[in-house]
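Letters A, B, C, D, E and F mark the chains as written, and numbering starts fresh at 1 in each.
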Amino acid sequence: MKKISAWFRIILLSIIIHSASASDSDPLQDYCVPRPDLSPIFLACKNSSLVTVEDFVFSGIKSAGDSKKTGFSSIPVTAAVFPGLNTLGVSFVRADFEVGGVNVPHYHPRATEVAFVVEGKIYSGFVDSKNRVFAKVLEKGDVMVFPRGLLHFQMNVGNSRASIIGSFNSQNPGLVKIPSAVFGSGIMEGVLEKGFGLNAKELSKLRKKFSS
Amino acid sequence: MKKISAWFRIILLSIIIHSASASDSDPLQDYCVPRPDLSPIFLACKNSSLVTVEDFVFSGIKSAGDSKKTGFSSIPVTAAVFPGLNTLGVSFVRADFEVGGVNVPHYHPRATEVAFVVEGKIYSGFVDSKNRVFAKVLEKGDVMVFPRGLLHFQMNVGNSRASIIGSFNSQNPGLVKIPSAVFGSGIMEGVLEKGFGLNAKELSKLRKKFSS
Amino acid sequence: MKKISAWFRIILLSIIIHSASASDSDPLQDYCVPRPDLSPIFLACKNSSLVTVEDFVFSGIKSAGDSKKTGFSSIPVTAAVFPGLNTLGVSFVRADFEVGGVNVPHYHPRATEVAFVVEGKIYSGFVDSKNRVFAKVLEKGDVMVFPRGLLHFQMNVGNSRASIIGSFNSQNPGLVKIPSAVFGSGIMEGVLEKGFGLNAKELSKLRKKFSS
Amino acid sequence: MKKISAWFRIILLSIIIHSASASDSDPLQDYCVPRPDLSPIFLACKNSSLVTVEDFVFSGIKSAGDSKKTGFSSIPVTAAVFPGLNTLGVSFVRADFEVGGVNVPHYHPRATEVAFVVEGKIYSGFVDSKNRVFAKVLEKGDVMVFPRGLLHFQMNVGNSRASIIGSFNSQNPGLVKIPSAVFGSGIMEGVLEKGFGLNAKELSKLRKKFSS
Amino acid sequence: MKKISAWFRIILLSIIIHSASASDSDPLQDYCVPRPDLSPIFLACKNSSLVTVEDFVFSGIKSAGDSKKTGFSSIPVTAAVFPGLNTLGVSFVRADFEVGGVNVPHYHPRATEVAFVVEGKIYSGFVDSKNRVFAKVLEKGDVMVFPRGLLHFQMNVGNSRASIIGSFNSQNPGLVKIPSAVFGSGIMEGVLEKGFGLNAKELSKLRKKFSS
Amino acid sequence: MKKISAWFRIILLSIIIHSASASDSDPLQDYCVPRPDLSPIFLACKNSSLVTVEDFVFSGIKSAGDSKKTGFSSIPVTAAVFPGLNTLGVSFVRADFEVGGVNVPHYHPRATEVAFVVEGKIYSGFVDSKNRVFAKVLEKGDVMVFPRGLLHFQMNVGNSRASIIGSFNSQNPGLVKIPSAVFGSGIMEGVLEKGFGLNAKELSKLRKKFSS
């Protein structure tokens, strides 16, 4: 019986782990905390008698991620790492910047972001679909909104570390970082050479840099 | 001509100021900053050439509201006070607590809330629709989620001031504070006496307290 | 084989019974009647060849619930008891009132309600988020709408029994009854004492009354 | 000034009366009762200080419409006739049947319907998109659901008058009656002859019957 | 073990094949290609490492369906036949017409359609819910839009074959063909005789024609 | 009077032309064709008696745009140029490629795209949010789907002109072309140098190329 059980769980897991469906629309119940033994699942809610307050509290962004190497670190907290968010239509992120650190141009395909400056001076902006930049230096306590799907970026222009908390109106906003998505993903050379007006050598350098 | 213009604006304003429609669904454009001269409007976007970065930055929660008298203060930032949020499906709030200060049981009819503890020790919880309480003491850096439409509450149980930033997945989440909505709104005595098992004197005391 | 089957069903049930996902948005098919042997499920539709007209007809509100003891009874009919509603974005309720019976202040976190008076004279109202009450005595044939998420209440002010049919624009509108959610759920005393301006004795009486 | 005012109102009315936009998604405020002097409008909410309980109560379906001539009458109550429904995502209808009266095959493009039998015996059914009929005789107190966009129909098969209250999860569900939409709208003969396998004479008879 | 596996898959399949839930709202992830071995499923996404470009390309409408017999053929491509569309909120159809061929009056309960004329002259139109027809002859390169849920129809009025590509804003728009839904589904005679003003003989002829 | 009318229209226009609100959710009426004299408006529908079939037919993509200079041309058809699409949740585009022509990496923030190859051989692909490329050469009659918000691109790899018709599930999908949004919009040098690992000279060359 044990054996079957194990085999059963593997199949179930493989089905459920990648399941999806749904959307960030109105929930159909108060909450739907995924079963912890099958986590992360987005199909099967825990029996509500097993749900505790810990399912709705997240303590993983008390300290910054490691930004030593690149000058920037981020800890995205979606329903994948904080299952209690499942079906609730929200998620969040902590971002930390060394002096001069940069959050490269990126966008979230499925959410608007509200960014609160916890500390530091951060040049922060977005580009609308007419190629206009809206950017300025934010200070502690400032809040900026990045409309859904638009390119945005940030840079620590102060002389001490900086930190931001961002909130999203989706449980899984998605993240597309332009440099790696364009130059590190393997798009055919011809498309990139013509698209960016680069010669083979220039392109090759960029591709090397961003291929993982 | 001046006269007509003034008269025209009054009519227009009276129409538009209270306009509404729409919903927190997908936006139909990058953003829709309401015209500043007719603000707050939710119908007519500013010509995008008049939109500036200031439309997307809010600096009004750098310092706490006044919580001296009641022990608690909050600064809700919806599209009504930060017009750039219009159509973007997000808003936020800053809440500050004196020692022992209480954010009374309340709910937001149109949004889930994510609460970040900026400083302090805050007992924080919500009640699901089966009357179960999920509550615990949060500390600096903790994050708690309050599912859409559910009753929640907070109390500063530390020995210094406390502060929270909350985010909502609606540009206008709404706020129903239970004590004043129930006892300060003028619901017929009979309903409240029977509903809460109060006698006339007890009810009268509560009504006096919460009527404004 | 039998054994495994039983065991399999138990696991499956425990997963599915509490499943959720989805939302009251546009359906993806004509209907999705949950499989009866695994009911209530909101994931797996019955094979449509097994669906019959009985799946779409509900006969359980032909007579009133028992309102003798408290003066009020209600029979909520959501997708949990009428599975054919699954994915269709609607549900309903029958409420019956003895003379003087009260439907205590409550709200539905996920739906607007339309209430039809089938018989009787019913004082009926709601409170908006500015604490204004909108209430009046409804008579047979009157219809009143309670906007999504707002507090509402009813009382039979006639001299015979009264009855109402309510309709919701969600398959699971949720129900938060204020007296029991606030005083019967176990919210920490300090929060309630400060929040409602009650002393320990007054609060204790209310808590006793509404704790189940 | 009077003149201009009149002229102004005419323009405004002509713009606003046919306005629309929006959708049955989450509301952005508690309610949005259209301004009564410009009704029906779906853009400009009344100043909430002018809103009264009468805006949320409808008394126009206390008695049946006139079903003498055709055996059937219906009073649809959408936001167009009950403005308080604006943005709330619900509407309703009263239908009355003489003995043998028929509610012809029709559908609502934008809503699911829940039908409550107030009195009488009503054969009631719908057709799914695989052309299966789900139909049965409903009696007083029975409830049937018609999924969004599917063809449905009703017939009084009892020997006394019958009456139904229907509820919709849209403020404007729409109504397409098949006989008049197909044969009374002026679709080119060739399409109907080939589509229904009718000869010119048969078609002509049907078109005469349903052209208004 | 083999046996159990087979039996397990049958159960799982029977559950999943008819599953549904969800809706055409915002996706919760980039894509969710259903597992191919359990297809068509709308619950369990393939592990993304198994997803290939072939999951997002469809080659089944390169040539026309067989329109010889009836003068018309259509190949609807929904998520059921092109699983990669799952959760993406789109689908499409290819329709081909012999000279004089007719696409009978029909509607899609869950989508607006955009129709591109690839070749030919096609009389094309729809009926709004006030029974007004909007129709004209479209030529190669013309595009016409059919609003969600409204009756529409097409006829090849040129003297060569015609072809159309239609796109929908739902992964499963649904299709209700009026002639067969009304006369071929088995709706009770009384309803149709009264509804369409047909005598028993006329009705019988129509029913015979459209019953399958 | 004339004067006022002109002045009135200017104000009205300036308000309405940039209005927006709304969303691609369920429409609230059959259609809402904007008033032609105030076009493009998304608030005020034409009186339906003034609506004609021409409002629902678009003939502007019968021939290709001019792709001589750059090798690529596109004609996006949103509600802005085809007002009848307003509230219907769909739009489309025609794209034409010279031999070797490239549609640069871009994305649509608010829609999934379905692309039909009308003629030619087109290398076509997208990048998911894990930086995986899904690409292949499409031929006449092939259909490819690009999930909402993901980067995609195309290149004519055949030896004759190529042409595509794309459909979107939004009336205004938006378009962000990466090369010009990143290098032609004026994002601060520091962000781009660090973000892409470019030196000042390399960056300057790219900025010159894409600044308009």
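Note that a contact is a pair of C-beta atoms (placed from the backbone, for glycine too) under 8 Å apart; a residue touches a chain by one contact, two chains touch by 3 or more.
A quick map from chain label to UniProt name: A, B, C, D, E, F = Germin-like protein.
Small disclaimer: the values here were computed from a predicted structure and weren't measured.
I'd like to know which chains remain joined to each other by touching when chain B is not counted.
one piece
Chain A and chain F are the same sequence; what rotation (0 to 180°, nearest 5) superposes their CA atoms?
Roughly 180 degrees of rotation.
Measuring centre to centre, with centres taken as mean CA positions, what chain is farthest from chain E?
Greatest centre separation from chain E goes to chain B.
Could you pull out the chain whose C-alpha mean position is farthest off from that of chain F?
Max centre-to-centre separation from chain F belongs to C.
Counting shared numbers against all numbers at the contact of chain A and chain B, is it over half, same, or under half, different?
Interface between chain A and chain B is built from largely the same residues.
Can you work out the whole-Å distance between the CA centroids of chain B and chain D?
37
Provide the C-alpha centroid distance between chain D and chain E, rounded to the nearest whole angstrom.
Roughly 26 Å separates the two chain centres.
In angstrom, rounded to a whole number, how far apart do the mean CA points of chain E and chain F lie?
Comparing mean C-alpha positions, chain F is 26 Å from chain E.
Would you give the residues of chain D that are in contact with at least 2 other chains, written as numbers and ranges?
If we look for residues of chain D contacting two or more partner chains, we find 4, 8, 21-27, 30, 42-43, 48, 109-110, 125, 129, 132, 135, 148, 150, 174.
Which stretch or stretches of chain B touch chain A in the complex?
Touching chain A from chain B are residues 24, 26-27, 30-31, 48, 51-59, 61-63, 77, 82, 84-85, 88-92, 112-114, 116, 118, 125-126, 128-130, 132, 134-136, 138, 140-148, 150, 165, 167, 169.
Over in the complex, which chain D residues touch chain E? Could you list them?
Interface residues on chain D, with respect to chain E: 71, 100, 102, 104-105, 107, 109-110, 123, 125, 127, 129, 131-133, 135, 148-151, 153-155, 157, 174-176, 178-188, 190-192, 194-197, 202, 206, 209, 212.
Given the complex with chain F, which residues does chain B contribute to the contact?
Against chain F, the touching part of chain B is residues 1, 4, 8, 12, 21-23, 25-30, 32, 35, 38, 42-48, 86-87.
Hey, which residues of chain A end up touching chain E in the complex?
Per the touch definition, chain A meets chain E at residues 4, 7-8, 11, 14-25, 42-43, 109-110, 170-172, 174.
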